Amino acid sequence: MGDRFLKIRENSEQLCKPLMIEDYSLQASEFVSPPKWHLAHSTWFWEEFVLTKYVENYVLYNEDFHFLYNSYYNNVGKRVLRPARGLMSRPTVAEVYKYRKYVTAAVIAFLNTNPKKEILDIIEIGINHEEQHQELLVYDIKYILGNQPTFPVYQDSFKTKVISHAAGFIKIDAGLYQIGHQGNGFCFDNELESHKVYVNDFEISNTLVTNQEYLDFILAGGYGNFNFWHDDGWSWINSNKIEAPLYWYKIESEWWNYTLNGLEKVVLDLPVMHISFYEAFAYSEWKGCRLPTEFEWEIASDKFQWGQLWEWTNSAYLAYPGFSKSPGALGEYNGKFMINQMILRGASVATPEGHSRKTYRNFFPPDMRWQFGGLRLVK
Amino acid sequence: MGDRFLKIRENSEQLCKPLMIEDYSLQASEFVSPPKWHLAHSTWFWEEFVLTKYVENYVLYNEDFHFLYNSYYNNVGKRVLRPARGLMSRPTVAEVYKYRKYVTAAVIAFLNTNPKKEILDIIEIGINHEEQHQELLVYDIKYILGNQPTFPVYQDSFKTKVISHAAGFIKIDAGLYQIGHQGNGFCFDNELESHKVYVNDFEISNTLVTNQEYLDFILAGGYGNFNFWHDDGWSWINSNKIEAPLYWYKIESEWWNYTLNGLEKVVLDLPVMHISFYEAFAYSEWKGCRLPTEFEWEIASDKFQWGQLWEWTNSAYLAYPGFSKSPGALGEYNGKFMINQMILRGASVATPEGHSRKTYRNFFPPDMRWQFGGLRLVK
Amino acid sequence: MGDRFLKIRENSEQLCKPLMIEDYSLQASEFVSPPKWHLAHSTWFWEEFVLTKYVENYVLYNEDFHFLYNSYYNNVGKRVLRPARGLMSRPTVAEVYKYRKYVTAAVIAFLNTNPKKEILDIIEIGINHEEQHQELLVYDIKYILGNQPTFPVYQDSFKTKVISHAAGFIKIDAGLYQIGHQGNGFCFDNELESHKVYVNDFEISNTLVTNQEYLDFILAGGYGNFNFWHDDGWSWINSNKIEAPLYWYKIESEWWNYTLNGLEKVVLDLPVMHISFYEAFAYSEWKGCRLPTEFEWEIASDKFQWGQLWEWTNSAYLAYPGFSKSPGALGEYNGKFMINQMILRGASVATPEGHSRKTYRNFFPPDMRWQFGGLRLVK
Amino acid sequence: MGDRFLKIRENSEQLCKPLMIEDYSLQASEFVSPPKWHLAHSTWFWEEFVLTKYVENYVLYNEDFHFLYNSYYNNVGKRVLRPARGLMSRPTVAEVYKYRKYVTAAVIAFLNTNPKKEILDIIEIGINHEEQHQELLVYDIKYILGNQPTFPVYQDSFKTKVISHAAGFIKIDAGLYQIGHQGNGFCFDNELESHKVYVNDFEISNTLVTNQEYLDFILAGGYGNFNFWHDDGWSWINSNKIEAPLYWYKIESEWWNYTLNGLEKVVLDLPVMHISFYEAFAYSEWKGCRLPTEFEWEIASDKFQWGQLWEWTNSAYLAYPGFSKSPGALGEYNGKFMINQMILRGASVATPEGHSRKTYRNFFPPDMRWQFGGLRLVK
């Protein structure tokens, strides 16, 4: 486990390699966190949930950091409020890297003492937690750079691929299916308990909707016809003047989009990304189709390729039957967010390797677009 | 059908009998509509969906009213925005009653021509629509009067009753159940299609939670402990300084609440009402129980008494399999609200007689409290 | 004084004669008060500052009203916050008229006891206070009716007249002038102390700017050129999308405006009204002129006609040398508003007869437009 | 003039020496600009108003910077909106220093060509402009560092001194005085034209109000008594929960304040600073005194020491008689801000040497506190 732990720690830092020091502290929107904060918070997690709990006489790197880098764990005491994360130029980037080094070494030393199974389970959560922040790091870096007037380049990575196989629909028979995580492997509490769900017959697309298809919706006036939209969605596009996916810019009648490689022309064959649930829903209405439920998605997932983009479903984020929160602060991980959010299934090109499985339940409010998300239709 | 129609029209006006002219035009909050608006809008609906469509040479009572009393039907053209409904002192109350009389007579005349089945179906929708507004009228009147410094009395009606039978839990076996509306009776589009749902074993309370039980939660510090709350709910109670159900006031260490009969001491044996989904959820967490899903509620509903208060479920408002919207403006009735809302099941003392059934799906955003809603636990 | 008092009380009620009961309780914007509130508050003033202070064993009409109809006198205890004034449908209009009758009779009875000079001084303030509210009543009634989709008619009154004499500029010599109120007549505390002010030579127009002249500014693109505007004014017109005076509507390429007599075509020869300080300033910049200071206005006022519209000056509302507030609650009358407001001088067609004098200092924030205000140029 | 120019350019960079790279891009509040922005904008000014205008074939350092570093000059085209200044991590700090070097060299080369008087006048404005930004840099750096949980140290500089001489009041006789700038030295357009003002007798304090004196006001409940406050000020302290000057923190019943040298105990003998106009006014009301007008201040200024802190006056920022704006973009420098702001006179320890004179008119909205400002009483 030590090697895996080291690799994960190393990966977080690799993601920040292309950044300038100036990029680390910016908070470009309330829902975005500065890269420095991610590096520090994923370190705080280890200190808070492993080192201070299980290592005798562990000396905190710096008492202030306990307060500064808590994210949303009310059980762990006071914390810097989310919108203020971008006001901290100190501690400096160099200091945060030192903090990481100190804590990484301490965890490794602790792992060498052969901790027992239940502690290894928490280590496993810590690894998955840091992996989640790696994906958020990519989203946040893109948002920070992509909202600057000069559109700086990050690097030529995390690219989606053109869907090359023929589009078609896969038929699934009605019946009772087993949903949720089974077996001994790691999963989050929200994937449990595994339970039966009855679904009707349905047909699901074997491809994601492409930029070309989505552009057809734009050109057909999709953003101007309320019949395709939820009432909330219609308010949202109108009060925010939204007319295309996030990062799309129309320059002299051509569509460009910001990618991690800078501003580029929209590649029509690629799957459309950076759309909200409202937009995914409106597109499906316009197309005379619908979005899958998360159950339909999970049932059919062995029969199509997935993993380029998270896929919006028409399921709200709710507890499975028998769901129970962990005791203590880790119980705040998932349960308290089960309201006003929609489920996305799959994974994206920004998801760390080995972090995905077909029972994984990702979730975002219906107006969020900066995540790497797209859509697949059902009829 | 003419008699039923006349009765429904008469009922709307009866509800406003205890009001003073001054009360009719007030909009006490953005989600509340003035009583005059309800009277006029439920009349507009008949003009818009029946008279102008099916009565040859029908003469509108007043062309302006077409614009003034549309609620949210984008398909029917421009409309007065919701927050501006309370800025209209004109047309006067007397004028609106004249409008009602004119339209009622025209519909009756039309009914005497024996319209065909498909038109009668729209009449049926119109009746159900006006019944829904009757219930909203009660909520809105209570809100308008209950937020004035003098707490005026409406009348001594729409009272809940003390639950007299012994409290206990009803066991339901796991299995596949048929959910949704069946048969030829009227239902809304969101109750269709009837479909199968698998549920696990569960036990559901045969009583609603009472004021006494809810007060225990308050006294135990329930509003001050984030562990019981959704993250959104916790923000909501803190930014709105919420510490008790709507209409509750602590006066010299005793709890009073505004009722349609004026300010009265809280009666501890009555079912608790005017709580948000967030509060219902937090209470159930504190109690170590949970809210039923809407499916569990429907399955178990024959085994307990219901109808005093709408009951929050832990189901989000989403389309049933095979759901399809009506064509045209009536398609805006339900479907476009299927996001960010939670289902309530049952009915309340303010629900018009004959307007309830066990498959009825009511829905509100999780922070709404002015409706007559309470909760029932599952374990 | 009794006759004058009775006349003033009668006048307030006359102003409301054309209203329907529905109109009395509306609050169309935060800065507008419902007519019922004006009627009650100007009555409360008499109860609060005269009857409860000087009449032995005076019995309040209703204890609640003490709380309900305080406006901004913090010294007098709790009060209904300004934005909530429009949420009170009770007490009813009839009740408020009873309240007025009761208090009017009590004041008359008190006046018959021949109160001493210092009490008569407070009566004088009460009369002037009620006159001020009469003018505000006109503004508020216009705002309430003028913002309804049906543009109801109030009555054909409070009309400005066409300026018939030749336009020209009056020269005033530089020198030391005496400013502020002198003599024994009534004035507000903010007109004192009378003091010397030195002004340079200036020339002031003998006419108000007309609708035609202001329309020229609009047609010349005045609302689209930032060079004429204060930085705050430019933000204000842009964020509020302001392109013409308040109550102006462009209907099929012609300009109409709402008057108390309903929607009418803009009469070009009339003085322009319902403009903010920002607009008055921008107009004067465009014209290559400027607004007068309040001192220049006062010095020159004997040499031109005034009284149709309040006239924006380029003076901020500040204390005169030697200004001192009255003790107690009446000290809150003026002094605490001496920040972020600009002075208007003169009077308007809505000013009660006998309520104006050349030293009178009216004041509003620079973005307010619902008062009857216009402008006069200086070069 | 070359030497003076070089010195000024060097000074701006010296001010940033103690900063870490992370500090340069933060915008801690909408009214604060990032240090990097000041360095770049004061450079842009030279390029915009000197180099591109008067140097033949001048090659812009980077075309994007023209857009990025405009502040509020609408005449010069599009600009980055103020609240977005803190979202730019690029160009980097190093790049901005290169930009400065390039432009400084170009201006020096141009100065060597012996430009004519009218161009030297613009150079003079540029120098004064950069000096103004130097003072703002100090305010902004203090705000950025002082609002971080770790209270980082800048350096031990810009300290006020204890007032050692005896406090007393200076009498000034009534009379006509000449106000505004005279002679050939540099001044801003808002200091002109010099003109006569008549003032009454007054007495002005020879000291600034101290922390001890202000603390007495706090302890006497000054922040809780509305009688001392403007109506707007009372709203402001209540909605922002303000109970002490900016940067003051009560820690275990002792008052500390953030200084550029870190968090320190409040030194009672120092002049109070970081108070708003509202607070200065309320203090003077509580003391039974008043603030001077800007004219009184200017007349009396030769008779007391000034220069530690800007001093709030009770004068609104308005044009002097005969005020005229420069043509073109430089005309936007001052005139368009002459609304809703109050005048401060004097200078502060953060004012660059040689940048102050007794006719200098500084101005801020009445709720601003981050500038180095205090107060002096008049009776």
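Brief remarks follow.
Labels A, B, C and D are assigned to the chains in the order they are written; within every chain, residues are numbered from 1.
Just so we're on the same page, a residue touches a chain if its C-beta (ideal position, glycine included) is under 8 Å from a C-beta of that chain, and two chains touch if they have at least 3 such contacts.
As the structure is a prediction and not an experimental result, all values here were calculated from the model.
The chain with its Cα centre farthest from the Cα centre of chain C is A.
Work out the mean CA point of chain B and of chain D, and you get 57 Å between them. Each chain gets a centre from the mean of its Cα atoms; for chain A and chain B, those two points are 36 Å apart.
Centre-to-centre separation of chain B and chain C, using mean CA positions: 45 Å. For chain D, no residue reaches two or more other chains under the stated contact definition. Per the contact rule defined earlier, chains pair up in contact as A-B, A-D, B-C, C-D. Only residues 72, 74-75, 176, 195-200, 226-227, 229-234, 277-278, 281, 290, 314-316, 318-319, 321-322, 331, 336-340, 342, 366 of chain A touch chain B when the two sit together in their complex. In the complex of the two chains, the chain A residues touching chain D come out as 20-26, 28, 36, 64, 67-68, 80, 86-93, 144-145, 147-150, 152.
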